[in-house]
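Each of the next two complexes has chain A plus one more chain, namely chain B in the first and chain C in the second.
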Partner chain A sequence: MFELSILWPAFLNGLTTGAVYALIALGLTLIYGVLHIINFAHGAALMMALYGVYYLQKSLGLDPYVSLLVMVPAMFAAGYLAYRYVIGVASHGRDENILLVTLGVAIVLENLALFLFKSDTRTIDTAYTFTTIPIGTAMIALPKIVAFFGAAAAAAILLLIMRATDLGRAIRACARERQGARLVGIDVEHVFAMSFGIGLGCLGAAACFLLPAYYVNPGVGNGFVLIAFTIVVLGGMGSFAGALVGGLLIGVVESLGGLWLGESLGQIGIFLIFIAVLLFRPQGLFGARA
Partner chain B sequence: MDGNKNRRQFLINTTALAASAALPLGVRAQTSTVKVGVIHPVTGFLAYSGNLSRLGAQMAIDDLNKAGGIKSLGGAKLEAVLGDAQSKPEVGAAEVEKMNESGVSAIVGAYASAICLATTQAAARHGIPHVVDVGVADQIVERGLKNTFRFAPGYKVCADTAMNDLVLLNNLAGKPAKTVFIVHEESLFGTGTANLLAQQLPQLGFEVKEVVKHANPTRDFNNIVLRVKAANPDIVIPANYYNEYALFVRTMKQQNVRPKAIYSVLGGAASSYKFVKEFSDAANGVIDVNHWFNPKDKRAWALKKRVDAMKDQFFTYEVYLNYSAVHLLADAIERAKSTKREDIINALASSTWDKHIMPYGPTKFVNGQNEGARPLMMQVLKNDIKVVLPNTYAESEPAFPWKG
Partner chain C sequence: MFGIAVALLPAVSSSGVVLNTAIMMLYTALLGLAWNILAGFGGQFSFGHAVFFGTGAYAAAVLQAKLGWNAWATLPAALALGAAVGAFIGALSFRYGLRGSYFALVTLAFAELFRILANNVDFTGAGVGIMVKLDAGAENFQFSTKAGYLYVVLAFVLAALLVCWWLKNSRYGAWLQAVRDNEDSAKAVGVNVFRVKLGAIALSGALMAAGGVFYAQYFQYVDPGLAYGPGVSIEALLGPIIGGLGTLWGPVLGAVLLQLLGEGTRGLFENAPGLSLMVYGALLVLMVTFMPSGVLGAFRRR
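On to the complex of A and B.
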């Protein structure tokens, strides 16, 4: 139906979008893997991070990519503190409570944003918003290419932390067996809060990569969090490799689906995949059988 | 004794103070004001257009008040009751209810078609006259609502004019264009315009390659532009609002898609000085059939000068259509000699107002639609917007096919 000259750029566009999806899903899957909860506030936190990037650019003239240095630590700190002093405390040690607390936090954040920033859709303009780089026959926007490599780098750093540091080992230990981890002297509450912080830190990075080619409004997180859930399920709950591959796959499916079915129906492919995975491979592509 | 005296003095003073504070209220009540509801989507995805609309309405109200208010009502001043529809029809309707409570005599608004449908209907329930400023969807004036008056043309008239003028343009150039590609936004305005064009263009000898719909807001037009590229049409027709229009045309430029014309009907950015200023490389050559002021009218240029002098404001159709709508309403109130809603409706229905800056001729409402209302065809040429058709108003020759 379409020539290769169209499919190739659409594929690349999908891949670059998918990388950002993957970054968002990585944070979600980390929090799930360690805390065994679905963080419903993930979308709202992303939205807050996007506003952060927006205002850093508007008021301080900070380039979104420079904002990485501010946003990643800021989101990490916000996540750590939120877990230590709100979510962890309110859960009283029960996982299902945490679920509801994150949902509550999401609602509060979204309405706070509506109150503070109004429902306006805001965008930033940078010198490179419309710069394109030719890749073969395709012209790909520069911010998307940066987002692709940025997301890949962030994922690599995250994997490195998980594999090669004491913190990573502690996180994996808590994920596997939290009582055992406590017995060998790991401060489990601290590790939980660190995981939550790192999960939100991913969002800080995602926001910096997203905004030059995207927009922000108080409801912007919802679309992403739905896709991120799908990716986490597709890749296997708690699997980093799964989140990466799943993110890229979903990005490409969305882009090609949009090409075939029209922009409004493009996302249908994502949810077909979601249902198919639940039916035929509920543990996900990279997930271990429960 | 001293204490007593002081207390008495205090009472006298405060009574006098209270009286003087009350005085302006009494005076204000005597020289009556006429409350006019001004509803626009000043926040939400239509905020840009909504704010310009509000600006136009407020300029008109200020001008009218400065010129002595409504003379037949003893110089009564117009008082704007501002409403924000938040780019949502249901919020617009709720604003009408609030305005009804606050006792407005009439309403002007509400820019977007979908919001106008809701506000006119809500206003009809309370018998409030509603002058529609822009709202191009024809259902707005086709539901038999006695309170609804639209000064500007609807999309049927705009689309018909656009199609006839497209044929004219194509014939003048020796028929170089045969195929079209339509890109439209998902709400009433874009869908309605696109349906009408897709239905009628084949009868005029054009092949419609594809009709593509997109959401509001859309931040990435790459896929749509890729489809345009694949279809390789002679003419691309966008029907969407400012942000998406600008992004779409810029993405086409970016992806090196160069049709013989970007030809729009009521293009959100095409006939916009803001677009020309911000993205002149993408804007040059763009043709648009849209609302436009009468370029032969000096008062229009004087008004443009005032808006241009404001910071970050542009003289767009939102401004002068609202400016005109408020003046139309003021003329009706003047003739009605009354602030009663019913009297104003009757005065609007019999309006023959012709002191406007639009290329419409004397006003004549038939079922709420101003019959003389018509769009003009503009093209961005050398970083300026010029009227190119019809000849009566033309400032320049059209450049078609575009070779920019």
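On to the complex of A and C.
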């Protein structure tokens, strides 16, 4: 067994990563809950957002946390337009079509990034990149702590929107019963596009919190997309509480798994959870029976 | 007739480029035909067909390079393994009625799981991959001319077409298509939905593994990214979607169009990595938007 002195920092690191995972998964689960489709372009969209943050810092000197003010609205708008003019149009009312279209969009984005930005892995330097803060016996990087609280705040705002605003009520109505929502006068297509926009807006926020302690390359989305899927399945498709708990759990599992099995094999823990959940509890921890 | 026409190709042209293009068309058609069995006939969209492809490719490479099997002897083993992996994934997912997004996800996750495993386990050569030893001779599945490979992959494609033709014209095929069109009604009239879907994924997996075996022999090299990466999964699904989902000739037509397009874009964007793949992605979006039943389907409706 490892000593506590190694486990504790690994646990905390996992928790901070997990908070960002949770934010990414919240966007995915929102889109799933409303549209009943999985957005396979989620990872590619996150990758694009990371490049957005990167270039805002490189060319305009914008601090990643200030970029929040740009990236969240930008990603929201991109999501809204993408649904209105590409994904919604292509669906022809069939779920398989939406699946295929989001996959196609993911391929386009990933290779567009490869073409525009080349395959180099890029990182940014900030004054606080290497600042660490002691928590108990552990030294945790400052950007990771900011990411934890930032992701938590973003999640809280999202939940508030869903609970307390008319938009949130309309989204929940569409998720529950789209025919009924249409009958009481909700513009369902608009709500779908708004949900897609909010889902991608979460990614804009996640990218700003992620980049100071992370890197970006054209393939970076692939890793995240599977992790986010796992979280959503683990937490229960469409469940916000599930996405939060699942995100933190997966972050910790990944961190501890990496400690035991090494960086590359450590990811296996995530897939084992994924398969185990599908086997024994396909509705997830917090989901109603699908 | 199609078979004879292709078989005569080496007599008409011995140009390596022409034959190589024909081989790649047939190979892509084989992957598409395999994918089409599960998605086109069965309605289950897999985004991770690389899991079967990679299993076939690694079965051929490992058995041959590490255990000294004859190359041809690895073929039935690879088919059986592909079918077994298919049955395993199918049993896990269909038992709980996973469909649509869930199923696409599970297949994707399994492909990724296998890729990580292949990257970390010794007997697959880990990240370095496996070289299949060069040992020319028809008895070793290695030919001195491209024509030899052409005949082999043609035989695979014809076999796959035969399987699909059987699916179109048999009772089992009718069950499978009934499950695709309406699972609940199929169940109501007494179709064993679980077993029918399980059969389809095993069949699809076995054919996909044949594609993997051919890949391993033709390129004589396998590594985790090539075998289990998302590229193969996408290659397998693009052809049928372009050509026509659930049709006999759709995947073949799609593969031909894809390869022609690939040749065109490679020439056009020689120094731009990614652009040719980007065209594939855009094509996928455009096809689903404007021609959801593929080129064949669009013509048939008129």
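Assume the second predicted complex is superposed on the first by the 290 of 290 C-alpha atoms of A that agree within 3 Å, B and C clash if a C-alpha of one lies under 4 Å from a C-alpha of the other, contacts with A are read in each partner's own complex, and residues count from 1 in each chain.
Heads up, the rule we're going with is that a residue touches a chain if its C-beta (ideal position, glycine included) is under 8 Å from a C-beta of that chain, and two chains touch if they have at least 3 such contacts.
A quick note: this is a predicted structure, and the numbers were derived from the prediction, not measured.
**Q** For the overlay on chain A, clash or fit between chain B and chain C?
**A** Here the two partners, once superposed via chain A, fit next to each other without clashing.
**Q** In the overlay, work out which of chain B or chain C sits against more residues of chain A.
**A** C
**Q** So, A:Leu259: does it touch chain B (first), chain C (second), both, or neither?
**A** A:Leu259: touches chain B, not chain C.
**Q** Check whether A:Leu112 is in contact with chain B, with chain C, with both or with neither, and answer first, second, both or neither.
**A** second
**Q** Touch test for A:Thr165: chain B only (first), chain C only (second), both, or neither?
**A** The answer is neither, since A:Thr165 touches no partner chain.
**Q** Could you look at A:Thr137 and tell me whether it touches chain B, chain C, both or neither (first, second, both, neither)?
**A** neither
**Q** After the superposition on A, what does A:Ile268 contact: first (chain B), second (chain C), both or neither?
**A** In the superposed model, A:Ile268 contacts chain C only, not chain B.
**Q** Is A:Asp120 contacted by the first partner chain B, the second partner chain C, both or neither?
**A** Touch status of A:Asp120: first partner only.
**Q** Determine how wide the angle is at the CA centre of chain A between the CA centres of chain C and chain B, giving a multiple of 10 degrees.
**A** Placing chain A at the corner, the angle measures out to 70 degrees.
**Q** So in the superposed three-chain picture, is A:Asn13 touching just chain B, just chain C, both, or none of them (first/second/both/neither)?
**A** After superposition on chain A, A:Asn13 lies in contact with chain B alone.
**Q** After the superposition, what is the least C-alpha distance between chain B and chain C in whole angstrom?
**A** 8
**Q** Just which bits of chain A does chain B share with chain C as contact spots?
**A** Common interface on chain A, chain B vs chain C: 118-119, 264.
**Q** Considering the complex alone, what residue numbers of chain A touch chain C?
**A** Within the complex, chain A contacts chain C at residues 32, 36-38, 40, 86, 89-90, 92, 94-97, 99-101, 103-115, 118-119, 218, 222, 226, 229-230, 233, 264-265, 267-268, 271, 274-275, 278-279, 282, 290.
**Q** For a test of understanding, state which residues of chain A touch chain B in their complex under the given definition.
**A** Of all residues in chain A, those touching chain B are 2-3, 5-6, 9-10, 13, 17, 118-121, 123, 130, 132, 139, 141, 213-215, 255, 258-259, 262-264, 266.
**Q** How about chain B: which of its residues touch chain A in the complex?
**A** Of all residues in chain B, those touching chain A are 43-45, 47, 86-87, 186, 212-215, 217-220, 222-224, 226-227, 229-230, 243, 250, 254-256.
**Q** Could you list, by residue number, the parts of chain C that touch chain A in their complex?
**A** By the definition above, chain C touches chain A via 43, 45, 47, 92-93, 96, 98, 100-102, 104-106, 108-109, 112-113, 116-117, 119-120, 230, 234, 237, 241, 272-275, 277-278, 280-285, 288-289, 292.
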